[in-house]
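What follows is a set of structures to go through.
You will see two complexes here that share chain A, one where it goes with chain B and one where it goes with chain C.
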Partner chain A sequence: MAATPADNSLRKPARRVKRKPLRKRFALAAYVAMIPMALTVVLAYLGTMLWTLRTSFTNSRTFPSTSFAGVSQYVRLFNNDRWMLSLQNIVIYGVLFIVACLVIGLLLAIFIDQKVVAEGALRTIFLYPYAMSFVATGLAWQWILNPELGIQEVLHRIGFPNAHFDWIMDQDRVVYTLVIATVWQASGLVMALLLAGLRGIDDEIWKAARVDGIPRWRVYTNIVIPMLGASLSTAFILLFVMVVKLYDAVVAMTQGGPGTASEVPAKFIMDYLFGRANLGLASAASIVLLVTVLAILAPVFYVRSRALRLRGSR
Partner chain B sequence: MNSPRPPLKRGSRLTPARLGVYAFLLTSALFFLLPLYVMVITSVKPMAEIRLGNILALPAHLTLDAWSVAWQSACTGLNCNGIRVGFWNSVRIVVPSTILSILVGAVNGYALSFWKPRGASLLFAILLMGAFIPVQVMVYPLVRVLASVHLFSSLPGIVLIHIIFGMPVMTLLFRNYYVALPHELFQAARVDGGGFWRIFLQLMVPMSTPIIVVAVIMQVTGIWNDFILGLVFAGTQNLPMTVQLNNIINTTTGERLYNVNMAATILTSMVPLAIYFVSGRWFVRGIASGAVKG
Partner chain C sequence: MNSIKKIVVSVVAAVAAIGAAHADEPLKANVIHWWTSGGESAAIKQFADAYDKAGGLWVDNAVAGGDQARSTAINRILGGDPPTAAQFNTSKQFHDIIDQGLLNNVDQVAAKENWDKIFPPSIISSIKVNGHYYAAPVDIHMPAWFFYSKPVFLKAGITKEPANFNEFIGDLDKLKAAGVIPLALGGQAWQEKITFDAVFADVGGPDLYLKVYRDRDVNAVNSDAFKKVLASFKQLHAYVDPGSPGRNWNDATALMISGKAGVQIMGDWAKGEFTAANQTAGKDFGCFPGFGPHSPYLVAGDVFVFPKTDNANAIKAQQLLATVMTSPAAQVAFSAKKGSIPIRPDVDASSLDICAKEGIAIMKDTSRQLPNPEMLVPPDVNGALTDAITNFWNKNESVEDAQKAFASGLKS
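This part shows the complex of A and B:
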């Protein structure tokens, strides 16, 4: 998002002389070309957001109504057991998913960066799940974790007759199965991003560290990982967006079950919008989701852009 | 299927530390390949063998029956025409959505980098923030807007939705690409009397091949893998393959045909996986450039 202000300011004086008359003559086409973007921003992004915000303060059920109902939908929302369970699930899921993806992705990237043979094949293997849809992933893992015929049965056969791996049917553990499936899918993405970051680090650092006799792992923990800040924050943002979006994988893998044990906010909203026809409540829930996203991402973006600016001015 | 294992080259500095590195990478590779292995192996077993309960065992009788059932006669509800219906729906959705969203993104990026109409950078900033708005906030009002112009539950409707949701990333992708081009090129074309569209078509488009390739990869895989938008906006006549796959597997009653399910799952993943395996580095480049949001 940070444009290149430096370049523009350098070019400006020269351009202004030549450009003025031309700009007037051709500007119209440029404005016409911006119409799709303007419509999208105004109608699809801002308009829908305002509409949903307004609806969240009404008593709308199947059809939107305009009768003002104050914050009653929000009160109802936070008294709704299913919503509270969704929130609890998404927090547990989100923390585990993001931490696991970052740790596994970082380890894979560092280990691949040790000049190993068949690097290309390994990278391909770690990233291919990311090319699949969450639906396909969810369905594949639903089968693998099937308590009767899946991995649990294999464990029983190879000499662990009492092994329990029926988490997908277990109300207390079903969220972890979502973590397993989606970490499998997304940690390759983190690996790809961090590997690019590692390759961008100056070799001089390694030479200097070797001269000073610093062990490799200390170079990683104290120097290299802090230098990966930009890549790590990119990875964090992408993973966070996936957490908020988490819907497809749940629908495919557990349908929110057993019972309501694996409900998540995105699914709660979709169910109340289309299945249970409670527009007001669903709108209030999606506004809560939106505010949470902004509250978490805004500081991340702020720190990022400040770091970029500092680096630019140096 | 034989999983392509990375060969362990012996001889060169095999210290304990390096053995550890390879042990970790090999174990991880096996874990990452396991689901694919299970999917493929399940899809070529007859149900009798699957019921025995050894999910990891190689098939005793290799059969492709499940694949043909999945493709042409698996049922969703009362329709038993297989997943191919969804396949062709997805093709019909993906092709126009990809072309149009790339075109819009390229024009936006071009206008933003060279013409800078007043207010455009503000629109762009809001557009990029829009990429982080949860779809749930936008879905219902969009349904109503589309319904009011009779595009809801139609092919043009879902294509329009994909253009809207693809716009932030596509615009960013092309803007970043065009900003890095030498500005003198554009100025020379202006001096020669080129107008907005002429410079775009004759100068910019021919120079955009690499970024168009990246954009095609991103959009085809992204739109093919979409579930929620297709579910809401496409309508029952145009349900994409992902939605149909989920319907086949999760809404069937009676005995579950796991081999058919896995064949259908692989078939649905085939297009994005083929793109991934063929395009390799370009795919990664798409991830990296799509990630520069912000």
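This part shows the complex of A and C:
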């Protein structure tokens, strides 16, 4: 469909005068083609968001109800210790997860970019964890980190009887075990994205730097990494989305425990939606989460689009 | 040519067979449940067979996980494609659906089978709302049995079951001295809550228990008696191994089966694990529902509800299901596989194990029956209380703070 107008204009150059209306028709076709997606966005995404917003102001339990309860669900939400702890956990987790993934992913990408042998095999190995579901990752790491089965036990058996590594059982450290497991899974993706970015950098830059006698690490820190801006911000957004929707890894690894020490907002919402049958409170929590995400991502998108526009006008 | 003829003949025969089957019109019943593990699916098969034999056609809709199964049922009810029957726990989980007028009652069956007389009052209070029966109970589970390994008790020099909480602590000390894990606990919030409720019923007594859970009396939570309950519960923390947090309940049972642990507080479904390991109740492991001969007996279980429909055949199927599932023969066959006890006393219990027999005997004494918390508070309150208890268990939290957290959970 999209190719037809172009074909017409090629075959019948005499009708070139009518090019403009043709293009208009082409635009119309594009809009028609977009209708299904637009409807999906408007009805499925925006529609459900508005529905959730409405539900959050009602006292819905198992079923959506229409009896409005003002902001009482929000009051209850922010008086809920578990919700506050979930927010605190997701901030700690999010910062550590994103930083660790970016740093490890970048180092892996640079390492592979050194024209190492068996590059293809290494790339596959590093990207492989990403092919696993968070549930599988969570279960595997639950066993690895379990002091009676995993790392600690292995260390005991090979002659370090005093080795101590039971973070997954520890109220104060269990969040870090979530970081370890999910970084293991996601840093390969960052590596793939950044490697593509590195490969896109012109060889002439490297030649010029070599001529000037600039050390390799300085080329990376001062020239290459700034040029990776677009890849890095894409990676950041992907990682950020993973942080917000963190749920399955927690369920598989710790079930939010010990106690409520590794609870996260998505799990809070799921628990109250289903097991605890309180749609109102779950909706209020979803809206708070959505607003928080928008508040963080909006500036990022703004800066990104401004940078693109500036580059375009140059 | 010949083979084509054969195919035609067989197709015609098949169509004829379908037609014939259609003429009988077995009552088709779409049943949603979450019994997917080995013992559980063997148990539900007893119902399916009994229903088929009674002239129905059981269409099995097993959904793994209680939460998932319940939300599937609710979504199908809301979406206009209700199942014939759906499993819920004997609790307030389905009371919202009743309030919305989305369930058929089974008063006809209840009247015919005399449910008022044969079912225990604690069960009736959950399934009879505004004078109508909205669910068919199918089993009684006691969620807080004390299971213990007989050889481990022998090794630790414990000769009799503890008669009160202090004796229990004494036994745990002996187990600790014998070098085993005294209390096998899976450190997941719901298991900690079960442990707490067992201590609550036994140490606090039924009156306090009902004041807190049924009447939601904050003064009762702030009382010294409740403080003692919390302190006794936390006392058990010293007898749990460091590997407890996050452990599954069946892994905790396995610790006892392999002789590494002494006691586990768990629902009677744990018997399935012992059976799978070829251990027999009374010989390899023992069970007691609480301390002493008058200990309270927590009552929980499962029911099937019947979503609203006007289809006469579907209603007939619902009535038949309710009749078959609660019939004495199906009850015995089901309980033997499930590890639960039958919901009616007039059944032949000789095929059940000694724990189930003890349970049936206790159920005859209504004063010992105590509804489990889920039958008394709505799911979100129960969840908030579970959060309070798991925090108290896992954190270094004072009893006073736990009291406050519990009270605010009760008010929510």
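Throughout what follows, the second predicted complex is superposed on the first by the 276 of 314 C-alpha atoms of A that agree within 3 Å, B and C clash if a C-alpha of one lies under 4 Å from a C-alpha of the other, contacts with A are read in each partner's own complex, and residues count from 1 in each chain.
Operating definition for what follows: a contact is a pair of C-beta atoms (placed from the backbone, for glycine too) under 8 Å apart; a residue touches a chain by one contact, two chains touch by 3 or more.
Just so it is clear, the structure is predicted and the values come from calculations on it, not from any experiment.
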item	value
Which superposed partner A:71 touches (first chain B, second chain C, both, neither)	neither
First, second, both or neither for A:84, with chain B first and chain C second	neither
Partner chain in contact with A:275 - chain B first, chain C second, else both or neither	second
Partner chain(s) touched by A:307 [first = chain B, second = chain C, both, neither]	neither
Which superposed partner A:255 touches (first chain B, second chain C, both, neither)	both
Touched partner set for A:148, first chain B, second chain C, both or neither	both
Of chain C and chain B, partner touching more chain A residues	B
Partner chain in contact with A:114 - chain B first, chain C second, else both or neither	first
Which superposed partner A:286 touches (first chain B, second chain C, both, neither)	first
Which of chain B and chain C A:95 touches, first, second, both or neither	neither
Residues on chain A lying within both footprints (that of chain B and that of chain C)	142, 146, 148, 255, 274
Touching residues on chain B, where the partner in the complex is chain A	4, 6-9, 18, 21-22, 24-25, 28-29, 31-36, 38-39, 42, 50-51, 53-56, 104, 107-108, 110-111, 115, 117, 120-121, 123-130, 132-142, 144-145, 163-164, 167, 171, 179, 183, 187, 190-191, 195-197, 221, 224-228, 232, 242-243, 245-246, 249-250, 258, 261-262, 265, 268-269, 272-273, 275-277, 280, 283-284, 287-288, 291-294
Sites on chain A touched by chain C in the complex	61-63, 76, 79-82, 142, 146-148, 166, 168-169, 171, 253-261, 271-272, 274-278, 281
Residue numbers on chain A that touch chain B, as the complex places them	1, 3-4, 7, 11, 15, 18-19, 22, 26-27, 29-31, 33-34, 36-38, 40-41, 43-49, 51-52, 55, 64, 104, 107-108, 111-112, 114, 116-118, 120-122, 124-137, 139-144, 146, 148-151, 153-154, 157, 184, 188-189, 192-193, 196, 234-235, 237-238, 241, 244-245, 247-248, 251-252, 255, 265-266, 269-270, 273-274, 279, 282-283, 285-287, 289-290, 293-294, 297, 301, 304-305
Contact footprint of chain A on chain C as seen in their complex	66-68, 70-71, 74, 78, 93, 96-97, 100, 187-189, 242-246, 378-380, 382-384, 387, 390-391, 393-395, 405, 408, 412
